[in-house]
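Two complexes, one shared chain (chain A), two partners (chain B, chain C).
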Partner chain A sequence: MVGVKNISAPYIYVCTRMRVRKAKLLPKEEYMRMLNMSLPEITRLIGETEYKQEIDELATTFKGIDLIEVALSWNLAKEYQKIQEITPGNLKQFTHAYLRRWDIQNVLTILRGKMQGVKAGKIKEILVPAGSLDANVLDRLLPEESIERIIDALKGHRMYPVLAREYPAAKESGSFSRMENELYKQFYAEILAEGEGGIKGGNLFIDFIKLDIDIKNIKTLFRLRADTFKEDAREMHILGGALSATDFANLNNIDDQGEFIDQLKAKIRQKLLLSLLEEMRTEKTIRDVEVRLTRVQLEQMERMSKRNPISIHPILVYLEKKKYEVFNLRALARGKESKLPSEKIAEYLVV
Partner chain B sequence: MALRDIKPTRSELINLKRKIQLSERGYKILKMKRDGLILEFFKILANAKDTRGDLLRKYAKAVEMMAVANTVEGAIGVKSAAFSVKEVPQIILKSKNIMGVVVPQIESSKVRKSLVDRGYGVLGTSTVIDETASAFEELVESIIESAEIETTMKRLLDEIEKTKRRVNALEYKVIPELTAARDFIKMRLDEMEREELFRMKKIKSRNTA
Partner chain C sequence: MAAELVAAVDVGMTVEQIKASQMGMKALGAGIAVGLTGIGTGIAEMGIGSAAVGAVAENKDMFGLALLFTVIPETIVIFGLVVGLLLLFL
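Now for the complex of A and B:
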């Protein structure tokens, strides 16, 4: 490994730890085995893994499937917080930036809950404090009486300018959709800016984020096509990826699936993505498209982390894989509870 | 009406004749109304069968989509997205008249929404939320349509039943009783006339003797 000599020990240490943690995640075979289990068996199995502590802690407050779901989310949040603690130097900054997306989700959930008049306790149940706003900060936001006060309480946070700018219009229209889109767009713009700030390893971080942006933009395009949305789609476009805002809007206006795929392929360079897009020439359900895009994203991320073993990549890949482990376990438990056939649940698993 | 309570007078006979005439006219009209309502009912029935089938199908789909959404996004994701719904469909109730039966006509504000009008952002959610929202919008539309048709059917059925009872009452009770009373008065008046005639004859023969 050329160049490893120049890398400090904490970097090697944390990347190795991430690889070890990743190796401890549930393998595909385990999910396949769980598909044939009943809900109590799955619950017991989850309770015997590293989620045990959260399940024991929350058992007095939640029951059944809700207990599993909340325990999984809490475990994810704890794990993310722990990783932010152990990552050194620049890696910490990038990890921190990458996890800020959870802040958007949590703040939006609080704002929407408040708008609907939901009790603070109920809102708290569905928060996942995995970002920079930890459980204590979120707890302080929850008792605030009005949305304006919550936004004021976020003064000094990166989200504040967008919230302050977009909220009056959102309040008037009764819809947070534009504000939500703007928050995510700002999030991506900021993390790209952090990567481009001249920090060592920033280019690798940017590669990872650009892949994320490309996949997100492609997913959005497929969603807009499924909804036959024909207005200006630029509002839903995230800057910084392979597609410019004009490309995005033009692609959204193409009706023919074959032509759409051709035009999209002309803009994309990743081989895995190109071969997946080729398969999408034939009509597929939008859900299928989304799951397959996620799988390709994870595979591409995995490749990147193997190419750059001592970089931000192993950390981010672990964060993503951990997220999808929680996603898969929740899908298995919820799917079994809803009595969905195993084949159908398997379609949604990201393995 | 017991025959013994009837006063066998000419004026009562004229009254009864009027009543019979009115009852027979009412009977004919109610019979026509009943037949008309039954025709209307059958017209709506075919529509109601389709609507009910459609409603059940959409309900099953919405339930399935909710299960899928819970599977993919978890209850946390679904609840978070559900919080973004602010507008509740508004219903305007009007009424229309079908052969004297007032039935509801339900108009609602726009239930189906486009991706951008649903209140949640496109960038923070997944397709399954769109599909679940869409399935429930279709279900709500179907419920509104079914509510109108099924309430109309229920009201028509009630009216048919009521009209049928009235027709039967007129046919088997009111008109026969009135006819019997009329016949009784006629018979009594004839009898009285014959008695009078006989009396007159008796008086005449006594006078000539």
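Now for the complex of A and C:
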């Protein structure tokens, strides 16, 4: 009876729907087939899958790579909005919180686009209105002439204090990277606080977020190692994971790869991640490291969702896997457009 | 025979009263059997039914299979019904 008491019908309903949707995602074989296809062939193949509606709707307005890009963005946004509609109770709150990361991505895309003088229509093509800022709000931001006005228009939004605080420095340096770091730090701190707010199922949500933070911190560490110039590591550290700010800074100061891996392994508990770190003893390209870490993250998330089949995990796993499917298709299309060899494109895929 | 036994532990009831009481107990047993198995079936079908509706919402072709899986726990309540009928009529 204990098990029955903790499981409600709407949770089972949504988790099953997520599992069915996950099963519909493109399998590895499809990507391998697409690697040997031309761009129009890929467009046609995508048009026969879950992206059919978007490809059909947009085919009259866009052509080639633009058609794929816009169709993928539209499909991703539609999918995320649909999931937010069907998730019940606490799951809805956690899903909303998790998808707020798209607000950061959308706002930064607009700011970067504006700074580089890209047309509003072109920026709109790559926005994914899946977070708390819906398509209407983003449409209102796009025609604004200056970045200051865009930031002012976001007054009252949870991102506003960070945007207003960081913009002067970003304007001076011409780079939004510090602002991006600060926004993500604020985002993770907020969603961890939401998970710890005593809501039922919050601990499972926190487990998922902590894994995400760990992987992000490890990726940052590897990126810093690959970098030629030294930066202040503490600024890039995200709080809440297995690595404290001091551990992060200490790890960043280790020059020897073997020692770095040993020290990092001492802080990590996940078996999958530990075995991957062991393989990282030999120097690898940063792209390879990132793709492998992402694969391990998805695999670990998948395991978590199987361990807790009726929880927030199956929903979040689907959100992540869908995101990477869109990334993969975009990478494939862009790679084909740039006439990159298939082997090179395959390196960028997270399958 | 039954009446003699009952007489041995005389509680001041007539044979008719005892027979009626036995019938009542059987009816109570049958009710409990059907009722509890009904609750069990309901709980089992809650999970399967929710999952089935979720699966059908995503893929209409699953309808037949989903319906079949949903009614499988009906066997539990049928067992209860059989036990109830056995109690009442045997």
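Note that the second predicted complex is superposed on the first by the 341 of 351 C-alpha atoms of A that agree within 3 Å, B and C clash if a C-alpha of one lies under 4 Å from a C-alpha of the other, contacts with A are read in each partner's own complex, and residues count from 1 in each chain.
Heads up, the rule we're going with is that a residue touches a chain if its C-beta (ideal position, glycine included) is under 8 Å from a C-beta of that chain, and two chains touch if they have at least 3 such contacts.
Here the structure is a predicted model, which means the values were calculated and not measured.
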TODO: Could you check whether chain B and chain C clash or fit when both are placed on chain A?
DONE: fit
- [ ] Have a look at where A:9 lands relative to chain B and chain C in the superposition and call it first, second, both or neither.
- [x] second
Task: Touch count on chain A, higher of chain B and chain C - done: B
- [ ] Name the contact category of A:66: first (chain B only), second (chain C only), both, or neither.
- [x] first
Task: Contacts of A:17 with chain B and chain C, given as first, second, both or neither - done: second
Task: Vertex chain A, arms to chain B and chain C (CA centres, degrees, nearest 10) - done: 160
- [ ] Classify the contacts of A:227 with the two partner chains as first (chain B alone), second (chain C alone), both, or neither.
- [x] first
- [ ] Could you tell me if A:206 is touching chain B, chain C, both of them or neither one (first, second, both, neither)?
- [x] neither
Open item on the list: Is A:319 touching anything from chain B or chain C once the two structures are fitted on A? First, second, both or neither.
Closed with: neither
- [ ] Pick one for A:261: touches chain B only (first), chain C only (second), both, or neither.
- [x] neither
Task: Shortest CA-CA distance in Å separating chain B from chain C in the superposed model - done: 29
Task: In the complex, chain A residues that touch chain B - done: 65-66, 69-70, 73, 104-105, 108-109, 112-113, 115-116, 118, 126, 128, 174-181, 183-185, 216, 219-220, 222-224, 226-227, 229, 231, 235-236, 238, 286-287, 289-290, 327, 330-331, 334-335, 337-340, 344-345, 348
TODO: Within their complex, state which residues of chain C touch chain A.
DONE: 43, 46-47, 49-55, 57-59
Open item on the list: Residue numbers of chain B touching chain A in their complex, please.
Closed with: 66-68, 70-72, 74-76, 79-80, 83-84, 86-87, 114-124, 126-128, 130-131
Open item on the list: Per the contact definition, I'd like the list of chain A residues that touch chain C in the complex.
Closed with: 4, 7, 9-17, 20-21, 24
